[in-house]
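Which chain is which? They are A, B, C, D, E and F, in the order written, and residues in each are numbered from 1.
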């Protein structure tokens, strides 16, 4: 299936990138995007720290540890777009987060700087603001309140990207992804869910807009219930089309409504706010 | 008629409350809700200071003066939700407002505190901000500018509810109702009108959301013309569906357009701003 | 063609003005409006500094130099609405801008003051904020950053109108028109375009609202991509219906995407920011 | 002692009011003001619900229950300024607050309306925002968060005064007094203390400024530590001169520093946030 | 007298400009500055449309009509700083304001552009915001509300200066002078007064700061009573030292306090808000 | 010398901490504090990665690499206050910053969590906002714009501290130090300088305030010229007393004023904005 058909939108030309690098391509979100982004670039370069299976048509597969500077340098060469989904994506031991999300991100930006500054979409996370309450409506100027080491690493990532933008002109879209799954699977996702199709259309906007700059974007569908305001980024012309509300009845039928005082109901970061600091081995 | 059909929305389960108390159930708005909220609760307990007619299926009727603390204490017992429409709802003598809207509200909150803090929807009013001009667009942080003693009593109510929330955790939705009628009947209501169906869907959102907190919500339909910004409360997922604009042609055909300098055209509170202080007997 | 049909909206009565003056009626936008506004007034008085052709039914044609105070005084007499499109509308020599946009506007407001203060829609321009970046989202409180002498003349016009409002009660809609063409013809217009139909419906709202005040309104269609926030003026009930996005594919097929660092991509004012100061003869 | 000497400031003329009414004159703050405000008016009319002792020169003593409308009507007659300190000033039973602070205030404003609208200084309270944290810095636009029924009654008072201003032009200074004592007596007062002299100079500013309007003013001295921003009211020219910091050493020597999690350290309202609802008899 | 002694501040080097042009040097403010700015530049070039008397040491006198482009071009040549006090400084006929404040200012900026862009201090005016009320506290982001044609011309000037800054890098300080007299002479000036010495120290800061940019600065002394917030411009390090309050007693002794509803007490622009539009001859 | 004498302020009791840990104690700032903080605690535990010389009375010296988790765990044990000056404090290779400022800080917070959460003052830096212009006035809500890898590491630190506060209640003062030297040594420091004495008094406020929370504080003296607004943190009662202006004449006599377009004059981060990314070996 071609995303352009799926999104039913105005973007029409195929292959507007030469080579799009997708990191973290073996993860859940990476796999969902791999199958949808074929039309975006002549070549998809797919990378992960684990095996990626067999290359499809116009695919290049690269196993790469983001903590390995030389490997990342080579990985980025020849790409004119980067969808950076790689790294640790849940709470974990700090040593793992340090390598993948701090050192790994630095390696990626240095490689981009060395190779013509291809535009980057960085998968940041709503967990940079996880300690806001669900009855708060915030925009991107709200000071960060990360809910764990994972969230802190995304704060680092946003700061690093901003510095490369101000200092070197590197453009990045900082997408604070809510929950990008097939469908919402708990009450919190009725507000924070982003459909795969909406993420695809956002990726299209990010790589096609004449000037990107370095915006923060809340990665959510057009949900009836929402906590986050994307109006500052309306210049991108992104109009998500899905709505978590469509799944409410199904969800309410299968999952008990959380108590008003439970972390799942109180905090935007949900249960992440309850994660402990994981001990190193 | 069942509200769920009316709202054509995602809320689907019936009877999500055990017993919903509706105060002021004999008033215009109370009667409109009585017929629509049957599906919300196993039992509707309907209350007013005047007679409520005959109980329908699953209805309990209680004549009660809100100024009578003991009566109110009994009235609230056994309810897990309260739709508080009771009290004086237009400009009146202060003594009447004092009893119904000040003392009465205190009695209600004390009763709720004694009986497990059932969630409350409090019918506040746009008349807490009646002296803003119609060319001003305001949000809930705009300092209050009540347009009469009635409006002042609603300021009191919002403050009281906030205090019970901060101090005791009592959740309340403070709904600043514009004009909740069958349809708009003057030019001012083209901006401030809320349809009965939209109010019903709001009531649904308020009582179903896992965490409510203590939000202020502007009670208006999705009118083309509007003065008030509800984006702070989008976590509730309320999407009103009606639009006063649909009635403009009919209205303009029957009512002369007000002069640009008339209170009806200048102030959000309209003619309420011109009410005198009513003399005590 | 009747605008009401075109806009497919709720405004229905014909001829709600006695005599609507349109200045600059021979220009591109003026001609587009002339054909669409017939239904708004019993008489259209059309004016320009150049010849206006033959009068249609219910049309009055007046050749008039806005810099001529006496002529403008006569021009305005008998009108109960003014659509002021006249004056210089691109960067030009200061002497020309001075006569048409500074002196001419003063003459117009003095004439209006002398003749009962007919409501005015003043065609201001996005070029009062041309030096904001396209990745900035601004509202009408953003301090002005004009991009040339033309833009500066529109800042003057907004200030003059505001003064007449505060001092004398003269109502004016200050419409910062983006690009009001048949369709968007470059990438910048994907954000700043306003369709003729949407302008017509805005004109309807401005002249029909009971109280207008002196609002600034961004003159753009309901484009997916936008830089400007009109929510402060939602009391007018204007809901533009067109969307430049519809033309993106066609536009991208015929025009190369601008470089991220080109003025066309960077500034809201686009290439106007690159205009020189034109020398006097 | 003459307040002008005490304040060491620029106000110099004596007796700028004919008759200043002080309600609550027998209370702690009332007594402190009685001795300091002699120079403000030809006559001080002192009122309280309890005995006021013996009248001094140029003093009139009136025992009056604020809940008695007729008595209040007479009390206000002939006054051109009112310092309203009367009513309940700590947490108490609602019935007492209702009579003194709700009904009593209404009576006062009705009496003022009947008698030429003498300017009023209304002793509001920091307890209208008592549930803000001490590490929050707020201004008068911060939504109210009262910490008890007393605080709620002051919210009512501010709303009532605002309505009389908008509707009838009655001017009032809404002074949210922190703690107006001889000196700070706990750690919280290091931020919220107002000296008697500073209150006197504020009273002078309020009654001498040509136009007062209806401002909210935080009643605090020029303390090094502060939570509240008075810059919006700088048009009054009030410059408090005392500083609670001067008493810190003495205070720290005699009182243990509160725990970081105690209500005294956490909330701007301090221990008021811990008061129960007092039972009616 | 040397301004550096007068200001008693940290600026110490003499003659930090080669040639400072002062326009409007024959006016009241111009004369006050002429005598104080000798130490700022090797040469003072003094200009006005009327005679300037006899040149002092290191002074050049030039009679010049600002509306004469060629004359202004010559006037600016060789200057590395411009203090622009020239033009009409009170309400007047539009034709006079047009020539002096619109055309004249354009001529000045064109001349500056031709001659190396000497830094400019432009005497704007508080009358660009004259219709704000005196109980409003505003900063430079407050939308303009000019109180007459004179005020409108200053709005034009600020816009023109901003455009030259954004487009060509021309630095200007936009000083919204309150009332720069020997001492305050009415109640309104207790808030809006700026002493001559404080203006001198501001001029020093403007011309000495390494980077000026294009700030708006409220030209007022350190008055106890104030309406305007200069904190955004604190990078300049300007600390006015005088205080209109010092003159209050003297002023109150000689002038009756204005009524609360008089324009002098209500509007920041005072009586300017009551000026008519002056008829052309 | 005792800091209390130096600060000439109200804090009076000695030894209000049992054991204060100072990391980075061998650095320039660390040495300046070591000599001044003796009166703050019964014992000073001084730590650095390099030799600290000989222990004075009541001093404990610990050589410790912050990247060594076990060593840091031991270092923190027994302390009830931490002044964290350690780590890399200028632009450097990322590997060094990673170890000292990312891993090192994590180790410190884990140690604090294990040992009773002693209050922490974390030396953050103005370089988290280095890319703001010097003519911008910002507060702590301004989104970060770090000017290099060092600045990015401080963004990380602030995020980490915030997370430990929200999740575990760990209190930290995030002090964005400008330039803490003996005296300002370039024009930029006229705005960003903090005297040693003022830092000492800030340290006193941070450790003595009953509740600290997790505030960001701009570490600057009371300079006439300033870019940063500390009003949000006025609850701490910190009143810096020094003023860089005192050194302007001396500085201007010895250093040429920077050009208006040089990084030193344009950016708050000054020359740091021009640092390259340092290559790894």
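Before moving on, here are some points about what is shown:
Following the convention adopted for this analysis, a contact is a pair of C-beta atoms (placed from the backbone, for glycine too) under 8 Å apart; a residue touches a chain by one contact, two chains touch by 3 or more.
Computed from a predicted structure; not experimentally measured.
The chains that touch both chain A and chain D are B, F.
The chains touching chain B as well as chain C are A. Both copies, chain A and chain C, contribute mostly unmatched positions to the interface they share, with under half of the numbers common to the two. Between C-E and the choices B-D, E-F or B-C, the pair with more than half the same contact pairs by residue number is B-D. Each chain gets one centre point, the mean of its Cα atoms, and the points for chain A and chain F are 33 Å apart.
Centroid to centroid, with C-alpha atoms defining each point, chain C and chain F lie 54 Å apart.
Not a single residue in chain B touches at least two other chains.
Contact topology of the protein chains: irregular, matching none of line, ring, star or complete. All chain pairs in contact, by the document's touch criterion: A-B, A-C, A-F, B-C, B-D, C-E, D-E, D-F, E-F. By the touch rule above, chain A contacts chain F in their complex via residues 69, 94, 98, 102-103, 106, 110, 113, 128, 131, 140-141, 143-149, 151-152, 155-156, 159-160, 162-163, 166-167, 273, 277, 280. For chain E in complex with chain F, the touching residues are 9-13, 169, 171, 208, 210-213, 215, 231-239. In the complex of the two chains, the chain A residues touching chain B come out as 133-137, 187, 190-191, 223-227, 229, 245-246, 248-249, 252-253, 257-262, 264-266.
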